[in-house]
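My questions will all concern the structure given below.
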Amino acid sequence: MTIALEVSHLVKRFGGLIATNDLSFTLNEGESLGLIGPNGAGKTTVFSQIMGELRQTSGTICYFGQDIGGLSTPERIAKGIGRTYQVPRPFSDLTVRENIRVGLMPDSLISMIFGRSDQSKENELGQSVGFSIRDLDKSASELAMGDLRKLELARTLATGARVLLLDEVFAGLTTGEISMISDLLKDLRRRGFTFLIVSHDLPAMEPLIDKAIAIERGTMIAEGVFSDVLANHDVRASYLGDTDVGS
Amino acid sequence: MPEFVERGTLRTMIQACYLAIFAMSWDVLSGRTGYISFGHPFLIGIGAYSTAILSKKFGVPPEYSIPLAIVITMFGGLVVLLPALRIKGSYFALVTLAFMELMYQLVQVIRPDLTGGTRGITGIKSLTRGAEAGYELAVTLMLGVALGLWLLMRTRFGTALWAIGMDEDSVRGSGLSTTRLKTMAFLVSALVAGLGGAYYAHYTGSLAPRALFDIDFLFTIIVAALIGGAGTIIGPMFGAFFLIFLLEWLRPILPGAERYFVYGGVALILYMYQPKGLVAIAQSLRDRVRGDNYDHRA
Amino acid sequence: MTQILIQGMLLSGLYALIAMGFMLIFSIGRTLNLAYGAYLLVGGYVYFWLCQQMGLPQIVGFAGAVTAGVLMGLLKHRLIVKTLNGDHVAIEISTLILAVVLQAGVVLLFGDSSKILLPIVPGVVTVAGAQVTFNILTATLISWAVIIGLYLYISRTHTGRAMQAVSMDAKGAALSGVDPDRINLITWGISGGLGALGGVFFASYTQLYPGMWVAPLIISVAVVIVGGIGSILGTLVVAHIVGFMEVGVSSWSPELRGVFTMILIVAVLVLRPQGLFGREETH
């Protein structure tokens, strides 16, 4: 099996605060890894470092064996990593189609100015996340939360991402929307995409991941099969607080 | 049409055309990407001064001095403003404001033999004879700029600039180098500003630093773009004509600088009421009359 | 040399006072109040109107100017900042428009020509060969008194500490029971008062004319940018850098007086965007 993403000894300091503390993990191609931990554990910070939005203090990030720790965000995206945000960030005055179009754009001014947009590719991507052709001409500002998550996925897929980092992908969704997104992600897993998923909704996340790691204050406290990680004493302590654990 | 209007009105129309060019230039950068430039008079000034100095002091004919002035504007603007593009939000506005003020001071002290110092330059060669020809030139320029920008903004590049204005990080997150996009937007904006500035210098025939590198001038450009409707092509043109004619109409009632009291008041209220400008107001009125759904796009 | 030192010291005190009010607003809401210079304009003209046109005592002039500034600050927050819901771009633009409107309003009421504001305290003293007017000396002393008072207010009182909290993290402050809206309103009021007071002194130092708001705005911008957001110490230090630089440069080449200030802003913004004394913004 090929290793898609390998993070080793990652450290991020903000002044005196250690946001990521010697974190290491590997993610094989086609695999799905859950990243759990209480609020402020530093999950999003890990995402930002993998994407290059934040520069790590030390440690390496390898993508298919190549060290990408020094590349810019667009360069990493060009390699095939993409992320979604905890709070969806659509281009709200653009239509769904135009949002996807931004994701599809090559990072070259010449082809942006003189090239044409590929309508059928846009349709295909939109439909692959469950939009109808009619939906594509809606303004992103009209979309409900579930549709915004779909839009973010479509835009991320449009960049050609093979490894998807999903941040709180179920937050703010209704039960119906959760199962819709969940089905969509299962479908993408079957198609061979690799995932790193952060979610507070542990039951919804369970069927989507192969293994999990738990972090607290930037430090990994458990790693392994999801149920084992959840059963881990430290993980329960960090989630539930000290008082409930002894009972 | 020129035959039927008075000289004065024609001159007002010419003013409006140039203001429209400046406002469109501002809008390509600031209206689209949300990076507010308070330094546009700086760019326009480079264009105007370059052609004026080249043609008056060095005898370069306007057909060369104007293109040269445009290149100088793009280059000069790029050299000084490129670092500013790394800065976000309010800080960008401040750097550009500082540049305008810097230019105002420098123009007066550095090589006053060329720039004319505080008094500026007069007697810049006119390109046209008579108000009608001047009017035709101004309208042609304005429409040419509008068409060019309209074509450019229809491309994916235009969409990407717009997306930067909504969420720059997401554009980066879509794999696009926003610095490159903004630099390009800036170059286009500088090109239009240099072009407008250069032709304007030949039209008025004189330049004075305080009239050019001035907050009132900056204010008029920004307000024209915003009142009309930022992020559109028709908006800045519409805004420029609206404001210039409002000023002209106020002239008999309030002859001095106090005109800006009414003018600015109208602008402030309009802007607070609908930040998307007159174009959006007109559109929503039209939609209401027709009973259509409100369309968010201008 | 002594001359430059003394003049620089005096001018810097005045600049520090002027920049302080601008810094407060910028640090608390990250909003650029481009109409800040208009407080100075209005303060200067209200004082002129009350004292030199109506012949009222100076204390009334000061009270009137400060009241006008505070009122303007409160109104601006209520009518513009709140209405625009913290949209920075929209606030910057509307305050710029407002400044131009107020300038035109002053022209409408007082005319275009510049006015001489009589010295607040007449007289001259010669210190170490330097001519020091009592006027600028008073301005500097009052500036320092106000700055120290402001420092004590911010560090000692409950409201002052709440202002600090909001400036660092508005959401966090709201969670711990501070009403950011009320704090913002108070800050806008204080800022307006400081600006108007600074305006009276600034006008007595230079002169009173409708365009007088631009220069102090640029100076405030320079001081705050170079000093860093939310740092009173930074504001003080940089006000002195700018003040001394202006005095120093103008003794050598008066035309270049402002050039170095602009270069300083641009250089600092490009090289160290958080300012010399500012903390790095986390997001």
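Worth a mention:
The first chain written gets the first letter, and so on, giving A, B and C; residue counts start at 1 in each chain.
Just so we're on the same page, a residue touches a chain if its C-beta (ideal position, glycine included) is under 8 Å from a C-beta of that chain, and two chains touch if they have at least 3 such contacts.
Since the model is a prediction, treat every value here as computed from it, not as a measurement.
Least step count on the touch graph, subunit A to subunit C: 2.
In this structure, the chain pairs A-B and B-C differ in their number of contacting C-beta pairs, and the larger number is found at B-C. Distances from each chain's CA mean to the overall CA mean are smallest for chain B. Averaged C-alpha coordinates put the centre of subunit A at 46 Å from the centre of subunit C.
Averaged C-alpha coordinates give centres for subunit A and subunit B that are 42 Å from one another. Separation between the centroids of subunit B and subunit C, computed from CA atoms only, is 30 Å. Looking at the complex, you find that subunit C touches subunit B at residues 30-32, 80, 83-84, 87-90, 92-94, 96-101, 103-105, 107-108, 112, 210, 214, 218, 221-222, 225, 253, 255-259, 262-263, 265-266, 269-270, 273. If you check the complex, the residues on subunit B that touch subunit A are 152, 155-157, 159-160, 162-163, 166-167, 169-177, 180-181, 184, 296-297.
On the subunit A side of its complex with subunit B, the touching residues are 51, 53, 72-74, 77-78, 82-83, 85, 89-94, 98, 101-103, 105, 107, 109, 112-115, 117, 139, 141, 155-156, 158-160. Of all residues in subunit B, those touching subunit C in their complex are 34, 36, 38, 80, 83-84, 86-87, 89-91, 93-95, 97-99, 101-102, 105-106, 108-109, 215-216, 219, 222-223, 226, 254, 256-265, 267-268, 271-272, 275.
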